[in-house]
Structures are given as structure tokens and as C-alpha cells.
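Structures given as C-alpha cells follow.
In the two assemblies presented below, subunit A is common to both, partnered first by subunit B and then by subunit C.
So, the complex of A and B:
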């Protein structure tokens, strides 16, 4: 009886937290399907035949630029994930596999990046990027995001590399693989669950970020979707239909990515390698 | 021509010397077993031969070629790891052919060699399975298959049976012995299990604290151990040791007065302290007063034979192999007689004293 109650209590707390976390998102999605009057008069009422209106979505899809912004966001996010995983995996592998002078110092140096918020360096980053003539390019965003996410990626992936049995790497060496081939054919496939974790951690802040797109690529058709939505927010008039519709559609890709990666998260791949 | 010659091999981790002046010859086609207690350097020696550990001095030759500075893949060796080290994300077929793929071997040849190895090891039906879907014994065979496929000059086995259960271990041991005959391969095999060493080896190398204590044929090590360590290590249960003093030309006496006739070199003077060694199978129980005297503590019965544990007055324990049902009971005083033809004597430095 006691046990049943505590199980119930745990679920109640979790359900409550879920409701709290999901409420704003549900509110956004709900209202994106409603007419403007209905959004303001009864924001908590779900869409029904009376207040249903797709005007927001019409506006968003009619606006040619929004498509570009989506592509920009997608490019930046995918690019960031790719390079973060590649360099993070390589650095994690090198730091845990090779013993060289300054190994520990280098590891600590990289770990400092986890603690220092990159936004503190915004001014320096702007002058660097503008000095390189890379303002309003997606490359600039990818570079900054990769730098931002690498420390944690190196840390997590390094830990996972440590868990790959040493015998496997040595067996591969006996099999005549070069160090690069060991990394790409043995280590990388075994790191997939860890990489999915890192990808999820990397993807969400990057997709949602407003700060660096605003600073580094604010115009010239290089805006990301979060920045692109801002065009519907005016000083005097805000097109709430369009804003809510754009935000709702912005959730979709990141959700798809998450579903994709979370399948990998669950899969334990190393079982059966060694006893 | 795939002999291995090791000359004056040295290796240390910082201040600790793990291999001290190792000299070893492994003839073409022979099965050499490195055996010793854990931490004796046997695995390090094997890994040095494989090229997985750098060495600090000396020379390793494989097939007449100095390989000190070659990476593992160029040494034409194949290693079977204790943990099998199968690639978990590849099926059996890919696991076995993986090394060849990177050696630019044509696809047809890879397939042919993998099938050949699978046939030898009876793995044909398992080729499409992943390692996690295999039992311990099957994984072991795949690991061996991966080595065979590469057609190396020398096979290196690092305690390959220690993860298997007892019954499977005996089976696999027999299979490895067969495989050795079939492939006519040169094998260097590390184990801490002396039964494996005795049954598999053409030549056993007993190691202790980074040194080779003795090298020889299994029965030579058993009958003529070069020193106290080898005498103790080879043979199970271990050899009984007694402190004795030389009292005559061919006579030694224990501290409690029992006298034994042995063969001694002429050079040993009276009064010299020696250690007398006798294996449990070469001593027998007798009536009290005969030989050395002690109290029976317990009898371990293994079925056909048993081991009587005798407590000697000096606080030592003496093991005697017994057959059938001994009449003695726990606590009873018994005598132990030794077989004069199967005694070993060691001097104070632990070296065997051999009659000249």
C-alpha cells in the first residue's frame, strides 16, 4: 500500500513538472491556430470551429524569406553538430589514448571552456569575426558554436572513449589499422550513444540561440529562424498570428532530430565486445 | 621460417624493471608457453613481441627480421586477447576479415580465407551473427579465427582460456593443440595455469619477477626443476619443502632427526644447510616412527586420489598423495617416507643441487 502510494506520488510530481514545462509550448501551438481576436480574448481556449484560423501559417509560408531562415538554422545546427562531434571525438580520443607531455594540462585547459560562458567574450568575438570579414555568414556562426560546444563534447566523449576496452584498440593495431582508421572504424561507431547525447545537448541551445545570430549575422538573408521571427515583432504592432505560427513550426525540426538521436541514446552498443 | 629470437630484452616502467635481460628462442612451428605468477612479466613480454609495448633494450627478431621498430601490423603476428576483443559492431565474418580489408586484400580472397577459417573452427553457421549473440566459447573461436585469417608468422595467445568455464576450457585446450598441429604454426602462449602449460607446450618458459627462471620441455621442468621457484610452481599441489642439513657423504638430516639417503655432489661439505623437496606423489604415509613424523590434519578426497595434509612439528605442512581409504584419522600421529629417487635438493640461494 505504502509502495503504491509512493509510486503514485512520484508520478504525480513528474506529471506536474511535465505539465508545467509543456504549458507554454502548448499555449503557443494552440494559439497559432486561432484568429487574432481569439488569441487576445481567450488565450487559454483550445482552437475550435469558431476561432480557428490558419492566417498565421499562411503569412509565414507566404513570406519567402522564412524558408531561407529555416535553411540557415538547419545549416548552422547540422554544421555545428557535425564539427562538434568530429573534433570533440578526435580530441577526446587523443586525450584519453595518447600519453604525451602536457596531456593533463591540455585536458584542464579544454575543461575551462565548460565553466566560462562564451558570451563574456562577445565583444572580442565580434571584432574577430568582423576582422575576418565574416559578419553575416553562417560560417561565423558555426565556428562560434563549435567553439562553444567543444569543451563539454571533449569531456563527455573522452569519458566514453575511456570505456572502450583497451584490447579493442590493440586488436585493431594488430590488424594493421592506422590510428585514423582505428578512430573512424572502431572508436566512432562505438561512441554512437555518447555522440547522440552530445548532439542533443549541442543542438537545442544552438537552434534556439538568439544572441549570436543577432550579433554576427543579423542581416543579408543569413538570419536564423529565431531571429527571422523577430520581423513579425514590431515596436508598435506585433503580428502574433505569424509569430506563434513561426515558433510552432520551428519546434518541428528540433523535435525530429531529438527523436532520431534518442533512439541511439538507448542503444547500448558495447555489449558482447569483451566478457 | 617463422622462428622468434629474443636477445637481452629489457623493459622498465619508471624505476621498476619488468623485464630483465630476457633471452628466448622460439623454433619454427613450436608451441612455447610463458607461465608464471601474476605480475611476473609474461604478458608484458608477449605484448613486447606483438609490438604493443615499446622495449628499452635488446632485440626481437621474428622470422630472422629485426622488428623492434616495426608497428604490430608489420610484424606478421596475430594476437588472441584474453577478452577476445571482438569488434562489437561487426558480425563474425567482418570481424575475421577486418584486418585484411585494410591490407588491400581482394574481396574474393578475404571471403575465401574467412570461409576457410570458419570451416576449421566450425563457425560456418555463425558468420552473420554479432559478437553479443555468441557464447563465450564461440567468441573465443572467432578471436582465434581472426588470427588464422591473417596467416601470421607467429600466433600470440594472451591467457585465451581464462574467461571460459572449466569444462569448456578443457575442450578448447584440446582444440588449440589440434589447431597447432593442423596449421603447423609457431605459437607463443601466455597462461598462469600450469595444467595448460604442461599439456600444450613443446617448451615451457617459467618466469618470475621479470626473469626467466627456467626454459625446457614440460616433463624436464617437472623432473628437473632448476631452482626452488620452478619446483614450487610446476606441479600441483606444490612440492613439499623441508630444511635439512648435510650429515654425510650421501645423507641429510631434518631438524627433528629424520635421516634420508640422497645423492649429493662431492663438493658439499657436512653441515651445509639445504632444502629438500619432495612432490606429494613421491611420498607416502607410513607408521609413526618411519621417516618424518607429523599429525594428520585432514584428507582432501578428489576421487581416485586424495591428499593427506600432515602438520609437522616445525609448524610446516606436508602434503602426501594417498590412494584408496587411509586408516589414519584426524590428529593421529603418522610417518611419512620419501622416495629416494624422486627427491630434489636446493642450496641456500634456491638453485638446484645436482649430483655430479
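So, the complex of A and C:
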């Protein structure tokens, strides 16, 4: 009897907290499909044929830029993940596989970037990027994000290189494969699970970042979706339909992606964090 | 491999990562610290200024007041995360890790959801919910007969910072939850079984067996919270603007840095003073990380494993 009660209490607490975590998000998505009157008069009523209205979405998409912003975010995120994995894998391999003078020092040098947020260098990053004539380019964002994410990638991927059996590499060397072929044809495919972990770590903060898009690519149609929505909201602050629709447009794709991959995402987060 | 060949292989694998990291991460950090030692004259060259920028920032009334205000606010911001976010995360993790719990993965996935979204989006969602214009929050409090508690929280100096902090707590509670949950799962079953055989109940098992084993993870969560909090910017900027209103009551180091560097309606941007603020942030974060590495982590490892 007491056991059943405590199980019930546990579920009550967890379900209660889950509701607290989801309610605000659901509320916004729900009301984005309603007419203005209904948003204010009956905010808690789900959209139905009487109060249904897509005017907010018309405004968001009439702006026309949302699609561009999505593409920008996608380009930046995919580009960052690609180069972080490639260069991080190469460096992780070299640091774990080869004995050379300065190996440990180089490891420590890279470790600085794990603890110190790159944001603190923003003053110099701006003058550097404008000196290179890369203000308002996605390349600038990718460069900064790759630099930001490389240190952790090198460590996680290097850790995994150590787990690959030594025999495998020695056998390949005996067969006369060059070091380049060993890495790209034997090691890299084996690193795939670790790469998924690193990709997760990289993806979410890059997609959601506001700071660097604001500093490095604030105008000229090069805004990421996070910054684009922020600017759109600032403009339409009093138009509740447009605001709710813009928020939903930013939320829904991320949530769909999350629901599809939540298992891998959380496994990635935990496996990386324990290391 | 002969030496020349070996050097070529090393360069091929290491150079791309080292170059990008050095150019876009280490160089800017060092250059920023150097900038903080210089002074820029109107249209002229930069001149060496020693530690005068720091003296100005900490001693000159016009600079020191905003600085200490932002520092105090940031400490409170961090304290609220430590006292609310991490205990809730710990409690949720403890519940999720109970044996034979159904729907475990559903709860975990859903509670983690807000953490996935951009801070900008979260900030706006809560702005709408708390808005007296929409009245959702007012309605909710009214239904609980707590209507008298309602106020324009974000517009009042006394409540704005606490409200923003709690919104950030609401969003990021998933991170301590997941990290601690993983640590709890890693505890060997035999230990828990032994405790049960010895007659400990669920509560006692948690406090005397599991909690001591996850102190290292709690330490890690704390230092992550510290670094993230003293580097925070997005939420305040999205909700309260660069001026961190009302009357700078939500100003933290990140927003102070942004304003100092870029300028705003009240003052011109000042790159060298901006660099000085960034260097102070760097020092604060380093102190936090050092305390963790040398005091907390070392003692805990000896104690736990």
C-alpha cells in the first residue's frame, strides 16, 4: 500500500515538472494558430475552427527572409560540424598516435580552449574579422565556431583513437599503407560513434548562439535564424499574431529534430560528459 | 618513417586544427588582454597605459559603479542557479534513477526540451507569459487565489533580476539533471543492494550511499554553472535589452562588456575599456576554475574513489 503511494507520488512530481517544462512552449505554439481576439480572450483554449487564423504566419513568411535565415543557420551549423570533426579528428589522431616532442604541451595548449570561453576575445575577433574583410559573411561565423569547438573535439576523438586496437594500425602499416590512408580509410570510419557525440555538442550551441551572429554578421541577409527572429520580434513587438508565429517557426523545427533524435542526443551528451 | 616524412605527416594532421584554433581563439584572447593595457585616443594611435584601465574600471566612480553593480548582479544570478537549478536537477535525477520506474525516458526527454531551444526564444516566451497585457500569469495566480502576488516583475528593479534568473533556471535545469542522472546510473548495483540488505530505506540509501559517490559530478556541474553564468549575455539582452533595465538592475558582466565595447544611447563604444571588462571576466572565470581544479576536484577524488 505504502509502496503504491510512493510510486504515485514520484509520478506526480515528475509529471508535474514535465508540465511546467512544456506548458509555456505549448501555449505559444497553440496560440500562434489563433485569431487575435481569441489569443487575448481565451488563451488556454486550443485552436479550433472558430478561432483558427494563420495571419501571423502570413506576416512572418511575407517578410521572405525567414527561409534565408534558416539556410544561413543550416550552412553555419553543418559547416562548423564538418570542419570540427575533420580537423579535430586529424589532430586527435596525431596527438594520440605519434610520439613527438611537445606532444603534451600541445595538448595543454588546446585544453585552454575548453575552459576559457572564446567570447572573451570578442574585441580582437571583430578587428581580426573586419581586417580580413569577412564581416557579414557566414565564413567568419564558421571559423570562430570551429575554433571554439575544436579543443573538446580533439580530446574526445583522441580518446577514441586510443580505444582502437593497436594491431589494426600496425597491420595496416605492414601492408604498406601510408599514414594518410590509415587515417582516412581505417581510423576515420571507426570514429563514427564518437563523431556523433561531438556533433551533438557542437550543433546545439552553434544553432542557438546570439552573440557572434550579432557581432559578426548582423545585417546583409546573413543573419542566422536566432538573430533573425530576434530582430523580427523587435520590429513586430506589438503584433501578437506575428510574434507568436515567429516564435513557433523558430521552435517547431528544433523540436521535431529533437524528438526524432532525442535518444542519440542524450546518449551523446551523457557519454561525452562522463569522460 | 624518416624524419622529414614524419614531420610532414605531423604537419598535415596537426596544422589545420592548430592554425584555426590559434588564429580565432588564442590570438584574440591574448590580443584582448593586451588591448586592456592600452588607451585609444580619438582618431589617433593607441598608447600604452599600464594598468590604468583597471584602475579606472575599479576606482573611477563612473566606471566602478556599473562594474560592481554588474558583478553583484552576476553573483546573485549564479547563486540562484546554484540554489535552485542544481538542487532541482539533483532531485529530478534522483527520481528518474529510481529502479523500475516507468516512463523514465519520456520524462527525461520532455524535461530536457527547453534546454534545446535558443535563449532568445525562451526569453520571449516568458516575456509574453508574464506580460500584464496577455495576462496568462495573472490568470494563473488568480486561479490559485494568489492574485495579489502579480506585478510587472520584469519592469521592477526589485524583482527583474530574480525573475530573469528563474527563467534561466527553468530553461537549463535539464543539464544538471542529465549529468547527475548519468552519474547515478553508473553506481554499481551491488552497492545499493548491500545498503538495502543492511536495512537502509530509499532516502537513507540516497543520502548515505549515492550522494557521496556523485559529489564529483556535482562539483563539475557547479563549475560549468559558474563559467556559463559569468559568461551569460543572451537572455538579458533578449529580454531586457543592452541597457539591462530597469535602471541596470539586471546588468551582468556580459551585458556590461557589450555596452562598454559597442557603446549605446548613453556612451560611445570604447574598445580598450571593453577589453578591460573582458579581461576582468577572464580573471573571474579563471579564479572559479582554479578553485574547482585545486580545491574541490582534488579533495573529492581522494574521497570518492
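Here are some notes:
Keep this in mind: the second predicted complex is superposed on the first by the 196 of 275 C-alpha atoms of A that agree within 3 Å, B and C clash if a C-alpha of one lies under 4 Å from a C-alpha of the other, contacts with A are read in each partner's own complex, and residues count from 1 in each chain.
In the analysis below, a residue touches a chain if its C-beta (ideal position, glycine included) is under 8 Å from a C-beta of that chain, and two chains touch if they have at least 3 such contacts.
Here the structure is a predicted model, which is why all the values come from computation and not from measurement.
Touch criterion met: A:43 reaches subunit C, while subunit B stays clear of it. By the touch criterion stated above, A:88 is placed in contact with subunit C alone, subunit B being left untouched. More residues of subunit A are in touch with C than with the other of subunit B and subunit C.
In the superposed model, A:168 makes contact with subunit B only, not with subunit C. Contacts of A:255 after superposition: subunit C is touched, whereas subunit B is not reached. Shared-chain residue A:189: touches subunit B; no touch with subunit C. In the superposition on chain A, contact is made by A:181 with subunit B only, not with subunit C. Judged by the document's definition of touching, subunit A residues 269-270, 273-274 lie at the interface with subunit B and also at the interface with subunit C. The part of subunit C that touches subunit A in the complex is made up of residues 1, 6, 9-10, 12-14, 16-18, 20-21, 23-32, 35, 88, 92, 95-96, 98, 101-103, 105, 107-114, 116-121, 124-126, 128-129, 134-136, 139, 170, 173, 178-179, 181-183, 186, 202, 220, 227, 231, 233-234, 237-238, 254, 257, 261, 271, 274-275, 278-279, 281-282, 285-286, 289.
Interface residues of subunit A, counted against subunit B in their complex, comprise 165, 167-168, 170-178, 181, 185-186, 189-190, 269-275. By the touch rule above, subunit A contacts subunit C in their complex via residues 6, 10-11, 13-15, 17-18, 20-22, 24-25, 27-28, 39-40, 43-44, 83, 86-88, 90-91, 93-95, 98, 100, 106, 109-110, 112-113, 115-125, 127-128, 143-144, 146-148, 150-151, 154, 179-180, 183, 204, 207-211, 214, 226, 229-230, 233, 240, 243-244, 247, 250-251, 254-255, 258-259, 262-263, 266, 269-270, 273-274. Taken together, the subunit B residues at the contact with subunit A in this complex read 50-52, 71-74, 77-79, 81-89, 98-99, 102-103, 130-134, 136, 139, 146, 150, 163.
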